[in-house]
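The two complexes that follow have chain A in common; it is paired with chain B in the first and with chain C in the second.
On to the complex of A and B.
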């Protein structure tokens, strides 16, 4: 039982890491039906910028808002350069290539600026584990879970309560109608990209003390988060959290009970099943696309 | 008309031949200068540069300068293959040094073998590397790093015999390097009638090692034997800290990588690994090498990122240069023949190479050469005071040294 609790805790911590990244995918999908495939790289840039600030002597907690600002600028940049032209000409797939391309460019830039090695991100909390229900948890893991949930709540409340959030929802429901109602949909989409990269950058500094920080840190995480977004559903905040936890726990428990060689398999099998049975994701609303 | 043509041809030939004589000798350098293995790749490259620089300053080889053609293989097999082809057909190198990753070496060196161009593996340790072409009459693959069939028994000797652990777990990554190493570890354990209580795998870039470590812990392991590279090894040490389960780590030489030491922090202290070279000025030659390296490349905290790779990279160029000099030619088969019977000893930083290779033995390092290093105070130091005291006596190759697994070519 103690073992299982430990696996469960580690799985949840890992799953929440995936979930915060997956949340970013959801934000842009909600407004523009596009995804930022450079999400993993936005996360990496956030973590590296954060690391630089911390090394300059900025306090970890003060650094977070600065990194969020950087993330917003980076997201807006991606939207203007990569996504807007594709949306303008109503290209179905142009944004896929351009966001991937921008992601690769960011990675190369990061390799040249910060070097190619994995770096250590100093932990703002003590690194000795805490005992909880017979299992060990790192304070940082709790911070990731709490931080992720708070961030998602904040964005959800913003979307539901504020007038700007309503504009976002309206843009998602019907972009053309929203435009006719006087909503500047272009700005809303830019904003959603900025918000998406902000969450990614925030996720980056949140998880960096747990993972290693480096130019290549985004690749695997971005991909797993994408699987989480598909499993949970691209339209549901709840789904992202549940999807993340499912994938995380599946990885740690399979690793222990089956074989560590197969630990990535169940999550991906689940992905295939979800795609076959409920393509909109476990919690997603299936939309009927009118042509 | 005809004489004029002949004259021109002769003149052209003369011009061409003098131009040829002044041409530099091109040597390919392939290794991962980016990614998780980069601390080894970059240190190796810097060691190679240092040696080539020294040789060029003292007049080059055969009166020609060495020209390094460096390529980043990103630790990817397919990049390695592209680079091998480029080095051979486009750059027309006379020899290649490098390869950090066993998988990349195995995928790439067949092109050099086919082109009859010698390759000096200076870091990759997979046992099969020098035996890949055992079935062919001529083998162009050489090595001056401690291969896994030496390292695995050393690791086992340290854990089982010297420190008396009865139950050990093996944690290895899923690459060629990790899995071939795991095989060697299991073989070496079997020779001591020990079976690992847990054998676990992890992937490159894995951020969570809980499952693997819990399995080892549940099986009652008293020590963890590792075969992986720096960042993931650091995650193992970090995972141990998290689980509050601290047992000694003994593993392959990669535990000396800077990205292991830095990322594991205090949790990584005490890890032990076989090393061919430890950054200590124990002989004048080593002192000169270390001083020169620190002066030229200015690594952080005056610590070479991977001292072993730097030293072996440095030595590989001297071995090659000695062979070219002895062969009096840059012809692949002649260099190879010269390497197989080097007449003059080559004074390197790892050891003094006295007839390091023969027709059938292409490995310069034998089981008696490596010593155990330990991570202490964020550096790699001698694990045993005795080794350090005797470090100034250079350990030379002993083909009869005991301790290596017998090597058999895998199909």
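On to the complex of A and C.
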């Protein structure tokens, strides 16, 4: 039981990371009906840039806003280079290819800059576990959960309360009508990409001290978070938190009770099931729109 | 205020408007009459930049706005209440109205008193007041129509384009909408109105244009058009 509680805690921490990345998928889908398939690589870049900053002597807490800024710039770049041209020519799937391609390019760049080996990210918090409900919890795991929740809450509050956030929601509702209100929807889409990569980069520096950091860390995370986004729903905030936690816990328990070699299996099986059972759910909003 | 010269526009390769010239002077209400498919909505879309004209010129207060992006045209003071309502369904009535004031709240148009204008919109449309925290998507069709109109007014625009504001409304509400248009006209709001009820539209308008197959067939002061035998036979019969 004690072990299970412990697996539960690390599962929740991992699940919140999936939830944050999935949240990033939702952000761009809401405004533009497109997804950044390089989301995992945005996370990886965030973690590596963060690591470099920390190695240069920047304090971990000070590094976070810098990495978020980097993520925003990186996301805006992806939108301008990869997505906008596809939207402009109304290419239905061009953005899929271009965001995947940009993701691969970022991974190659990272391999050249930071090397192919996994690096250790120094933990900003004590690495000795705390005891909670009879189980061991790493302070870093608590930070992950708190940070992820705060990030999502902050975006929600921005969307609900500020006029710019309302403009984002209006763009999600009806792009043409939003333009008639004087909203620059092109900019809103760029912004949503920037925000989406910001959340990914932020997730990167949260998870990095718990895992190894390297050019390949993003791909699998991005893929699994994609499964979570589809299962949880591309428009439901609660859905991705629940979906993320279920997947996170499934992975930590599989890793422990079966073998760590199989820990990626639940997520990828989940993805396969989703693709088999709910292919229409992939692009849920457009399907609804057509009705 | 708004001037259109030799406007050609359409969708893809299909030209719908074949050279339209019309004018909406400041403080006046101009109505555009025509049968289904004549190009009324297309004209409004070209003015607000939702489609790009292929030829011709559109000026607003002397400034050339031809082919500009629609969010820029909106910020210059053109409010377009589009055909089919297009309210923001997952947002509250109140938020929809606030978004109408987006250019004012973000510094691209004079701010004025947004709160007072919100109260005024609710006074014009008491039904919206009762439902201000309700999601727009859950309003009845008629209520959404009113919301779309009120939202356009929240911009404090220089020109308002109303595309069939009475569409789908019960007769009693149609009267209400025309009363509101008459009231706005008295307040000096510059307006371009497209309506299926041509007779009622000519009653509240100063001037009218009749659009036939993408061309202006007849135009003149509303009083005169009302009594034009050809217009009467084609558009005012039965009303």
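By our rule, the second predicted complex is superposed on the first by the 255 of 291 C-alpha atoms of A that agree within 3 Å, B and C clash if a C-alpha of one lies under 4 Å from a C-alpha of the other, contacts with A are read in each partner's own complex, and residues count from 1 in each chain.
Note that a contact is a pair of C-beta atoms (placed from the backbone, for glycine too) under 8 Å apart; a residue touches a chain by one contact, two chains touch by 3 or more.
The structure presented is a predicted model; accordingly, all values stated were derived computationally and were not measured.
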Chain A residues touched - chain C or chain B, whichever exceeds: B
Contacts of A:219 with chain B and chain C, given as first, second, both or neither: first
Chain B versus chain C as contact partner of A:151, first or second or both or neither: neither
Which superposed partner A:120 touches (first chain B, second chain C, both, neither): first
First (chain B), second (chain C), both or neither touched by A:228: neither
Contacts of A:128 with chain B and chain C, given as first, second, both or neither: first
Partner chain(s) touched by A:179 [first = chain B, second = chain C, both, neither]: second
Chain B versus chain C as contact partner of A:203, first or second or both or neither: neither
Touching partner for A:42 - first (chain B), second (chain C), both, neither: neither
First, second, both or neither for A:21, with chain B first and chain C second: neither
In the complex with chain B, residue positions of chain A that touch it: 3, 6-7, 10, 13-14, 17, 111, 116-120, 127-129, 131, 136, 138, 210-212, 214, 216-217, 219-221, 251-256, 259-261, 263-264
Parts of chain A lying in touch with chain C, wherever the complex brings them together: 163-164, 166-167, 169-170, 172-174, 176-185
Chain A-facing residues of chain C, complex: 48-50, 69-71, 74-75, 79-80, 82, 86-91, 95, 98-100, 102-103, 105-106, 108-109, 151, 155
Chain A partner contacts - residues on chain B that touch it in the complex: 33-36, 38-39, 174, 200-203, 205, 207-208, 210-212, 214-215, 218, 230-231, 234-235, 241-244, 258-259, 262-263, 265
